[in-house]
Amino acid sequence: MDMQKYALGPLPNDGLSAEDRDLFSDARPVPYEPYPVAVVEKFVNWVRANSLWLLAFGTGCGAIELNPLMTARFDAYRMGVQMRPTPRQSSVFIIGGYASVKTLKRIIRSYEQMQGPKFVVCLGICPINGGMYWDSYNTLNKFDEYLPVDLYITGCMPRPEVLMAGVLELKKKIKEGRADGANRYIENFEWYKANQKRVIKDWNMPDYNW
Amino acid sequence: MSLKDLISPFYVWQRAFEKPYTQKRPIEDRPGAPRYRGFHMNSEECIGCGTCESICQNHAIDMVPVEGLEQRAGDSGLRPRFDYGRCCWCALCVDICTTRSLHLSNHYAWVTEDPDAFHFTAGTDAMPWNQNSLGYRRDDDYHLLVHDRVEMQALSAEESVAGFDEVMRGYTEEEAVLEADRCVECGICVATCPAHMAIPDYIRTVRKGDYEAGLRLLYETNPFSSTCGRICTHRCETVCVMGYQGDPIAIRWLKRAIVDRVPQEKYREILGDEVEENGKTVGVIGAGPGGMSAAYYLRRQGYAVTVYEAQARAGGMLRYGVPSYRLPDNQLDKDLEYIRSLGVEMRFNTQVGRDIPFTQLLDEHDALFLAVGLNQPSALRIAGEEHPRVLSGLRVLDDVASGKDPGVGKRVAVIGGGNVAMDAARVSRRLGAEVDVLYRRRIEDMPADPEEIRESQAEGCTLVPQAIPVEIRNASDSNQVTIVWGEAEMVADDKGGRPRPVLQEDRMHEETYDCIIAAIGQGGQIDFIPAEFRDRIEFKWNKFVPGDYQQTGLEKLFVGGDIANSRADAISAIEDGHHAARGIHRFLSGALDG
Amino acid sequence: MQNWPSQIGYFMLNLTIVGLYGMLLSGIVARTLAKVQGRIGIPLYQPFLDLAKNLGKRTAVSHGVMFYLGPVFRLAGGIGTLAFVPVLYGSEIFGNFSMAGDLLLAMYFMFFGQLGMALGAGESGHPFSAIGIARGLGQMTAYEVPFALAIIAIVVQYDTLSITEIVAAQQGGIGNWTVFTNPLAVIAAMIAFLGMTAYPPFDVVMAPNEIPIGPPTEYHSSYLAMMTMNQAVFAGAKLILFMALFFGGATNLVELVIKTWAIYMVAVVVGAAFPRFRVDQSIRFFLRYPTLIGIAAIAYTQAVLLP
Amino acid sequence: MANAIQLLADFGRNFTLSDIREQRVDLAFCKAPKEQAVRLIRELRDDAGYTHLVFLTNTDYIEQGIFTLTYMLHNYDARHTLGVHVDLDRNAAEMESIHNLWAQAATYQRELREMYGIRFPGSPRLDEDFCLEGWDQIPPMLKEFDTAAFSLERFHSREGRGSVDPSEHMKTLLYPTHSDEPSSGGS
Amino acid sequence: MFEPNPPIDLSSGKYLKLWQGPQHPGITGNMSLELITRGDEVVDCKTHVGYLHRGFEKLMERRTFIQNFPVVCRIAVPEPTFNEYLYAAVVEELTGIESPPRAEWIRTLNLELMRLASYLMWLGGIGAAFGQSTVYQWTVTHRDYILDLFEEMTGARIYHMYIVPGGVRGRLPEGFEDRCRDVLNRVEKLLHDVEKVLFNNVVFKTRTKGLGHIPKEMVDPYGITGPNQRAAGFSRDLRKDAPYLVYDQLEFDLITATESDTYARSWVRYLEMHEGIRMLRQCLDRMPQDGPFQAKMPNVLHWEVPAGETYIKAECTRGEYGYYMVTDGSEYLRRVHVRGPSYTHAIALMEKLAVGTNIADIAGLMVSLHTYPPEIER
């Protein structure tokens, strides 16, 4: 990936009509700095790792295995995981397999509404390299071109056990402070935006702030 | 609203006093089911045929070269590399795997942050699940391929032994399509075929019923398609991937199926008869498969080709060594006629060294291709072999081919286990003789084609394995001959070679026959090459050892066929001729260095 | 009342204890419900982690001043309610700002929190918030009716507006508890309590399956943390209020814990068993049987208890 | 009705039906001209008991330059399904709408409009996006639309792949000189 | 028949436009409803699909017949097996291959297990949609027990890829019958529990009775099939009307109701689950223990299906599921159309039924129609 440097200045928001442009902020996202005191950062990371709120947005077939995960058989609540129906309160976005272009639009919207630190986990083969639908005209092949991904779980579908293993892995990553996908997104904002706009032909949303 | 409807829901609390459904440690306690379709494993049986790649609808499999893999026949040296950003674990690759080397384990967890990491070569990369014993395997009763060969119509043993009619009747169109349909088109066979014929491609033309395209494909590498479609030693079939779980594809019969469906009149139309003369001449010594193959490819390139043949007709060993119930004369003529029709000049009854000096040829032509074959029967090297009733196998076959009666009598012993021995035996049967075939080793050690062995047995030849001839004596009747032979025990070779027969002195037999046919092999004859040239040519065991492109130390001389290779079959000779033609073309256009 | 500084200090202590207790209680309840659902459920300390996590969120979007003030009002409502409810009867430390007429103040603050929330969430501009608010206010108005009637009944019964005095009147044995002396009022109040706690069948305000969690849809980060804190404090205050008014109050912490837990469990037991009412159905419900019971309670009080 | 073919023969008096074919006892196909099709379908629905529209779809015969619509109708009482084919000109694909016969037909027509570009004048919400959003290519179900090429071009494929053909590999490994020149035989 | 809902003037300020979805609570999968509301009342509803559109019909046109077999199950994620069966049946009919009796029994077992699993998921859905999430937790767990059976039998939990054209992919594992019976007993017990908790529940009854009434005369013009149709009083079930596999050898009752509201539809499905268990037990009792389970197949790598066209349907949990296929004699099919019942249920029917209901009821109404978006957009 040759990423463009982080550019300054207000966002163009040129997908919006003039009156809508007033409704949305054109401020650029800023990367998150860790807490100045290392111990605090460490503690907060530990807390973040143990309180993972998933956005209840099953974007593909992967959602079908989230049902067992969040119910009695596997009971991921034990691990500090719960589903939140609103992106504002969620910190983990699970991309449940393939994402169609139409869904990508909603995914970007939801992702940008999530408050950082936020993490993206891709389930299944489709976000990795297209999977089953590598030749479909409506599904993405490489999800990491559009949003930063922190973790991939392969499988079709990945079983709930793997999802749990994935949660453990994500926790580890967060605790070590390596889950910095959201920062990558901001640092390479132009690159991601260009990719998103390349596939979403009817871009009629603000560029970042909601 | 009834009271029951108000009270009944509180039943929900009953669950609170029961054991939870929750699995305590799901990651550890729930391995995949014994049949789970988890991650791929590949065993050593894999030969890299790539069938898994062709069935994968996700294009998740790449065939990649693997370092340090030992090169063996029928193994492409490639191994499947899986992209777990594509694979959907449908396991069609497992179902279709021709060697059953590919399995799925019941391992299913792979989590990483690097999207580029999901590649691995099954079986050779160290993966955590390589030792798993459970996982999906194809059920024995479930097949996606057809494992049984379509049997070809053949004369019954009684019918066939009654005359010299062709035994194998050829496939009908439907049979050919069915048999061609079995092919997985992996192409492993191409390397093994001495002529490297485009086997999967021409099989596909059979399947599609496009015989003209098939014929064109055949002639790209083999101008003796009709012949090879009948008597080829089909080395390709020994490595055919379908042979791992069933019968190999009948590649030879499919080749024949193409040729059988194209009448000779159409050859020139289909294959073309245009030749652009280039003004250079090439001499070819020997009109056997090697020589005629070279003549064909050279003529195609525009060379004026003259073939010198000692016999009265072309075909060499194909004509004089292969009986017509295996290869009818008209089929051989079909091949030869087309080659001749391109303008190849034939000089029959012209034995080099006797009728025309070798040096003259060397001077007259820009290059020479020599493929005189092996026409000197090997000696038995036992006492009494000069007995007049000891005939050579080649002689017998030659006589029969030329329409002469070899006079084998009523009771015949054939010594040897090769194709010539089998042919001699079967010819003798057709001439009305009782036949015993004596062979030093076991039946499974016989170098003859299995089907020749099978058919000869079916036709009533008695195979006597582990029988070592010791002496030949005069019989009481001068028209007969007596052979003394001893039984042999197979003794394992200390050096790891194949087992050796050891004569058992105490178990000797004595039998009297009308004649004994010795068919234990042939040797070459190269005396016609003047000594001053011979010094520049490399020989081994009285055979040529050609260099690149079949060239010898004598630059203008290219050699091929049985006299220059160890495989001694028609298809190798054909390839030698073809390859020499390449070499001569390069040599004469200055592209061949050395 | 004599010693303001120390009383404020005591109140802060109360606030902390009740807050922590409220959080713990939500953990306990979550585990209990999990048991009903056949699972193990969250660790008891999970609510604390979630709270800390939300506080540790690094970005925050504000939709305007009211949006920001919403949780503040809400928290103020919770604190306010607690401020006028004596936690332990007869304890100076746990007495809070109990005074004559504190019952009215407590009820006012309960209402105030909801209103603040309504204003803030309305500012977020999310339609689901707006719908949630409308539902929440509607339902609150409805359950306030039986609740108010029950309060009137016991105010009449005890002839005082001071919570402390009501608790005092219930001392001296289980038989003196309002629940036994004036059961109709307690039934009306407890049904209203079901509505207040927003467990099914009265959870239409949040209704994650219809209007993704309703009013707090847009709340996040520290705003959400503030609301969580308020929920804990408010739940604690509410439980203590109910305990004080109807179940004889508590004289020590153990009694407090047991009683409040038991009261909470009423809502949980009902909640696990039922689906949810639509808002019109729940309003109709509250205005029907519980209101009748409330009126009957007043009548009963007038006719039987105060002859 | 005992015999669907008989029924179609009866209808054949008023309509020009062709290609009548019985696939199974309970499934038959016929072809009607474009102008008569909707009237035929309406009569089948109202008079012959084919009250259930199973689906409406299209097959692309690019070689012949036609679209073939298939109206699949079902008769619950006779337990018989009938497919009515209608050929359209591929270059000017337009068909009378049946949204007033069945409620779900409008959706099918919307889908056909999006996926094949067939127009159904009068059908509600016909030009609204159905499955796609912001589509900027020719309708994707057309045979000439190459989805794999499009996917590769727009969505890319991950690097690090590459396959070797077994026979080619063995050739370069084992007998590289045996094939370096274009052979002379045949073509 | 199509009567558009009256036009709404959004600028009047009386109405609020509300989007539910793409993660819609009423369905498994993604679909959104564009609702126009006045207060809590829905005055207009439009269904938007396409979030899961993968272009299956296009992709299948460029895959060989065997390569399509792993693809089709993805069309309806929560209920893949029906796709597998129908695809296999269509290809078998066009090629003239007949799958052996043992395979037919195993297929029936497979389909009925799938139906049960799918219904369990739905049962949890209807509970959750009306706020009874405990039922959801229970039923999804029990569905998981069935997925365990699938895992054992087919090698995968969700995408079984087991019913292959020509038969099935393997025999039943050893001891499977016993484990299956055990699961059936557990599910049966659960169903009785759910009956007590959900169906005999005053709140549930209040919410669902009368909600989303489908008049009898609306059924055919809207193409309504399956339990939705049976709850409106029609005795139509493809397993009875056009028996496929071994359904003509199984004993089961057709469940119908007359009220045609959300409660009736739920109750019909609930009783069908019991019928399903009954059928599964018969399957287990009568399962052939030996014999081939796959017909003789050609080499699948270049499998050419003769030119032809056909349509095969089966009764899935939601109604008539069918595959229409046109072949032209090549290794690839010319056209395949997947007819899912959700196509009309979620769009034409839902848009009609939603009008006049409360926002709060939309999710429950949606669940009561039981729709899967992936089969709409494919």
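For clarity, chains are labelled A, B, C, D and E in written order, and residue numbers in each chain start from 1.
Rule of thumb we're sticking to: a contact is a pair of C-beta atoms (placed from the backbone, for glycine too) under 8 Å apart; a residue touches a chain by one contact, two chains touch by 3 or more.
Note that the structure is a prediction, hence the values are computed from the model and not measured.
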Mutual neighbours - chains that touch chain A and chain E alike: B, C, D
Set of chains adjacent to chain A and to chain B: C, D, E
Of all other chains, the one whose Cα centre sits farthest from chain A: B
Most remote chain, CA-based centroid, reference being chain E: B
Chain pair showing more contacts of the two, B-E and C-E: B-E
Chain centroid nearest the full-protein CA centroid: E
Between chain D and chain E, centroid-to-centroid distance (C-alpha), Å: 24
Where chain C and chain D are represented by their mean Cα positions, the distance between them in whole Å: 62
CA centroid of chain A to CA centroid of chain C, Å: 36
Mean-CA-position distance for chain D and chain B (Å): 48
Numbers and ranges of chain A residues touching at least 2 other chains: 71-73, 75, 78, 85, 102, 128-130, 132, 134-139, 142, 156, 159
In chain D, residues with contacts to at least two other chains: 131-133, 140, 145, 147-148, 158
Chain E residues counted as touching two or more neighbouring chains: 50, 53, 55, 58-59, 62, 70-71, 134, 137-138, 141, 159, 197-198, 201-203, 206
Set of all touching chain pairs, with the criterion as stated earlier: A-B, A-C, A-D, A-E, B-C, B-D, B-E, C-E, D-E
Chain C contact footprint on chain A (complex, rising order): 32, 44, 47-48, 50-51, 53, 71-72, 75, 77-78, 80, 82, 84-86, 88-89, 91, 115-117, 209-210
Residues of chain A touching chain B in the complex: 72-75, 78, 122, 125, 128-132, 134, 142, 144, 149-156, 158-162, 164-166, 168-169, 173, 178
Residue ranges of chain D in contact with chain E within the complex: 23-24, 26-27, 29, 51-55, 57-61, 70, 72, 76, 79, 81, 83, 99-108, 124, 129-133, 140-141, 143, 145, 147-148
Residues of chain E defined as touching chain A within the complex: 22-23, 28-30, 50-55, 58-59, 62, 70-71, 74, 77-78, 121, 124, 136-138, 140-141, 143-144, 147, 157-159, 374
Chain A-facing residues of chain B, complex: 20-23, 26-27, 30, 58-59, 83-89, 108-115, 118
